[in-house]
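Below, chain A partners chain B and then partners chain C, in two separate complexes.
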Partner chain A sequence: MLTTNKLYFNYPTSPSVLKSINLELKPGNIYGLFGKNGEGKSTLIKIMSGLLFPKSGNCTFNGRSIQQREPETLQDIFLIPEEFELPSISIKAFEHINSVFYPNFSKEQFYNLLEEFHLKPQQIISNLSFGQKKKVLIAFGIAVNTQLLLMDEPTNGLDIPSKSQFRKVMAASVDSGKCIVISTHQVRDLHSLINHVIILDNAQLIFDESLDQVTKMLWFGRASSTEQTGLIYSEGAFGGRSVHARMDKEETEVDLELLFNGVLNEPARINQIMQNNDHGTRV
Partner chain B sequence: MGQGFSFQRVIQFIKRDLVLLRGTFLTGFLVAIILVFLFCLLNMVWDQKLSLEEFYGIFGIIYIPMGILFTFALFREFGNPKTNALYLALPISTIERLVGKWLTVSLIYTLVLSVLALLVGTVAMAAGIILFGANFNLLTLFSESYLTIVGTYIFVQPVAMVGALSFSRNKIGKTLLAVGIVVLGFFLFNFLLYAMFNHKLGVFDEDGLGSMAFNKAGMDYSIVGRWFYGFIFGPLMLVVAYFKMREKEV
Partner chain C sequence: MDFDNSKPIYLQIVDFFYENILSKQWQEGSRIPSVREVAMMVEVNPNTAIRAFNHLQDLEVIYNKRGIGYFVSNNGYTTVLDIKRKEFLEQNLPNLFKQMSLLDIGIEELNNAYNQHKNEEE
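== the complex of A and B ==
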């Protein structure tokens, strides 16, 4: 669906933000795009939506260059930016003037989502809080039914109940033809939502694996002080949460935060384990 | 929606702009109505008449600056970093965006303001007849003055479009400054050409001829020159606007 090939980007008079990024996004997945602040997550999302142009390499969507911003390409891509300003019109008017550009837009889905978010179509957008504005845009982004939905820090500005509401709505909206990319530095917000992890660090792609593969190859938990076999990363001296090569251990639920920290600390080792298909190797 | 260039998409885009800027347009047209009415009325105080030339003089004073202001307003969404991500991600091609904006600020704006000005001018004339005993004069759009004003605007407006696309802050001031510098540059260019081709007249030695040279340099000197300037300030600026829009990043 979306492919980036040796993507390189830097802002004028600044060091490179993205170096040689190779990615392939496939339909039916929800990708979590993680990285520390300033590691290029938003930049990558903007390149994927044609809002920034790579300095070298390319980014294509179904074989077409996104940089060209052709309507046929943009009809199937929707971006929910981190920071935005919506016009001072009613939600209904907003839907009316923008939905016409998206052939797969579902009015019914949009108004159902608004109801779910406790918003009324007659409400004037400028009178809403930032979190409510974000909900309007999330509802619109889901209802346009584009093949690719890009979300940059979608949970910023949402309160705690809204975050779980967001997870619920997102989980219900994914289907086999859609691909969703959620960029965030709040790894916990995407718990039980994503099925693929992408991690950027030092302007490079250091991890790109499905959660199935992570579950298969890694073990998350609190290992005893004597249980040090296959230890990759630990958060405490004794009894802290840790990541191990799974080997013959029981399957565990992926701890995204731990995985993220583990990858940042031991990228080479984790990637080496992920490449093995025999449940990890004893190291 | 059709593929490539879709006129239907252009219409939807124009509708979108009109909804988003309806407040700006309504206020602008209201101000225009009041100004046209007052200027027409004041004009009749002195000589109890409102000639077609006088009416189009008033129309031009309001029509061109207001059109320029509308052009800047129309590109506000494009230049604002908080709104341009959603705007640029809309599935509309660059040429459709340009055509939509140009039609809004040239064709639709001209039509609406012309009709409004004509109606308000007629009402003002009726008021002038009652208040000052002014003579009746039929106001019409079929006039050379009207076509000259609209023609001038059509060639000036793309310059404002490029200004609105090029500058992120103080757009109007910077555009005026840039236009001023360009006009000054062309003025000096004309003057140098005049001096070069008429050096036998000693334009730099004799005061009279020097001022004559300045006067001549202030005007376009040939039909070729007229076409040259017309091309620079008209279609070429639209081409520049197209590439500015196409290459825009957030």
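== the complex of A and C ==
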């Protein structure tokens, strides 16, 4: 659905923030995009939505170059940015003005989501709190039903019950035709939703695997001190959690935070294990 | 639902199904929530919920009526009972025995505690 090919990007007079990024995003998935601050996550998302143009390489959506900004392309992509300005009009007016750009927009879905988020159509957007504005945008972003939905730190500014609501709403809105990319530092908020992990570091793509594959190859937990075989990365000296090559151990739930730290510390080893066993299972 | 962070989430969803079936909240032959409803209920990716449904279907705890939905199998209750009993005997009990020997608790002491618990229940 979305392909990036040898994508490079830098801001004027700065070193590259993205180097040779090759990605292939497929429908039916929720991608988690991770990376330390300033590693190019938001830049990549802006390129995917046509707000920035790559310096070299290309980014295509269903075979069409995104930077051409053709209506056929843009009507099927929606971005919920981390920071945004919304006009001082009512939510209802906002919907009325913006929904026309999206042929698959569902009015019913939008107003149901507003209700779920305890917002009223007559409310003036500029009078709302940051979290409430974000909810307006999230509700709109889901209701436009674009094939590609990009979310930059969607849970920032949401209170605790809203985070749970957000997960429910997301779980309900995924379908096989949609592709969702969530960039976030709030790993705990979203780990149960994501099914594919992408990690950027030093301007490069250092990890790109489905969680199914990760659970197949890696084991997460507290291993006893005697059991050090296949140890890749561990945290804390005493009873700390660690990542191991799974080998014949039982399946464990992926600890995204641990995976992230493990990949940053041992990118080559983790990727080697992911690849090696790939051959193993094929035999 | 709060997840235990070591057990795969799909298996935790399976356990949630088992509880509902064992407590008879979901009767044999009755319709259960859809994949989407379960995904929403426990706030997970629908793919994870599908994995739980497939697992339960393989074990013949639930079955799918095409276009209608999922149902608890006619002998779903006994199937789950067998699975959970086996799990208790093969996993929970050995763990308990290990703890008992670490803490030096004999079978007598366990027996007394058990009887006391039974009395309190009555």
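Observations, loosely collected:
The definition used in the following text is that the second predicted complex is superposed on the first by the 277 of 283 C-alpha atoms of A that agree within 3 Å, B and C clash if a C-alpha of one lies under 4 Å from a C-alpha of the other, contacts with A are read in each partner's own complex, and residues count from 1 in each chain.
The definition used in the following text is that a contact is a pair of C-beta atoms (placed from the backbone, for glycine too) under 8 Å apart; a residue touches a chain by one contact, two chains touch by 3 or more.
What you see is a predicted model, and the numbers here were worked out from it, not measured in a lab.
With chain A as the common reference for superposition, the partners chain B and chain C occupy compatible, non-clashing space. Legend: residue contacts after superposition of the two complexes on their common chain; A:Thr252 is shown touching chain C, with no touch to chain B.
When the shared chain is aligned, chain B comes close enough to touch A:Leu51, but chain C does not.
Once the two complexes are laid over each other on the shared chain, residue contacts for A:Val100 go to chain B alone; chain C is not touched. By the touch criterion defined above, A:Gln75 reaches chain B but does not reach chain C. When the two structures are aligned on the shared chain, A:Ile160 is found in touch with neither chain B nor chain C. With both structures placed on the common chain, the touch criterion links A:Ile89 to chain B but leaves chain C unconnected.
By the touch criterion defined above, A:Ala268 reaches neither chain B nor chain C. For the three-chain overlay built from the shared chain A, the minimum Cα spacing from chain B to chain C equals 27 Å. Interface of chain A with chain B (complex): residues 46, 49-53, 69-75, 77-79, 81, 83-87, 89, 93, 96-98, 100-103. Of all residues in chain C, those touching chain A in their complex are 3-9, 36, 39-48.
Taken together, the chain B residues at the contact with chain A in this complex read 1, 3, 6, 9, 12, 15-16, 19-20, 80, 82-83, 85-86, 88-94, 96, 246, 249-250. Against chain C, the residues of chain A that register as touching in their complex are 28, 30, 164, 167-168, 171-172, 174-175, 192-195, 215, 220-221, 251-253, 255.
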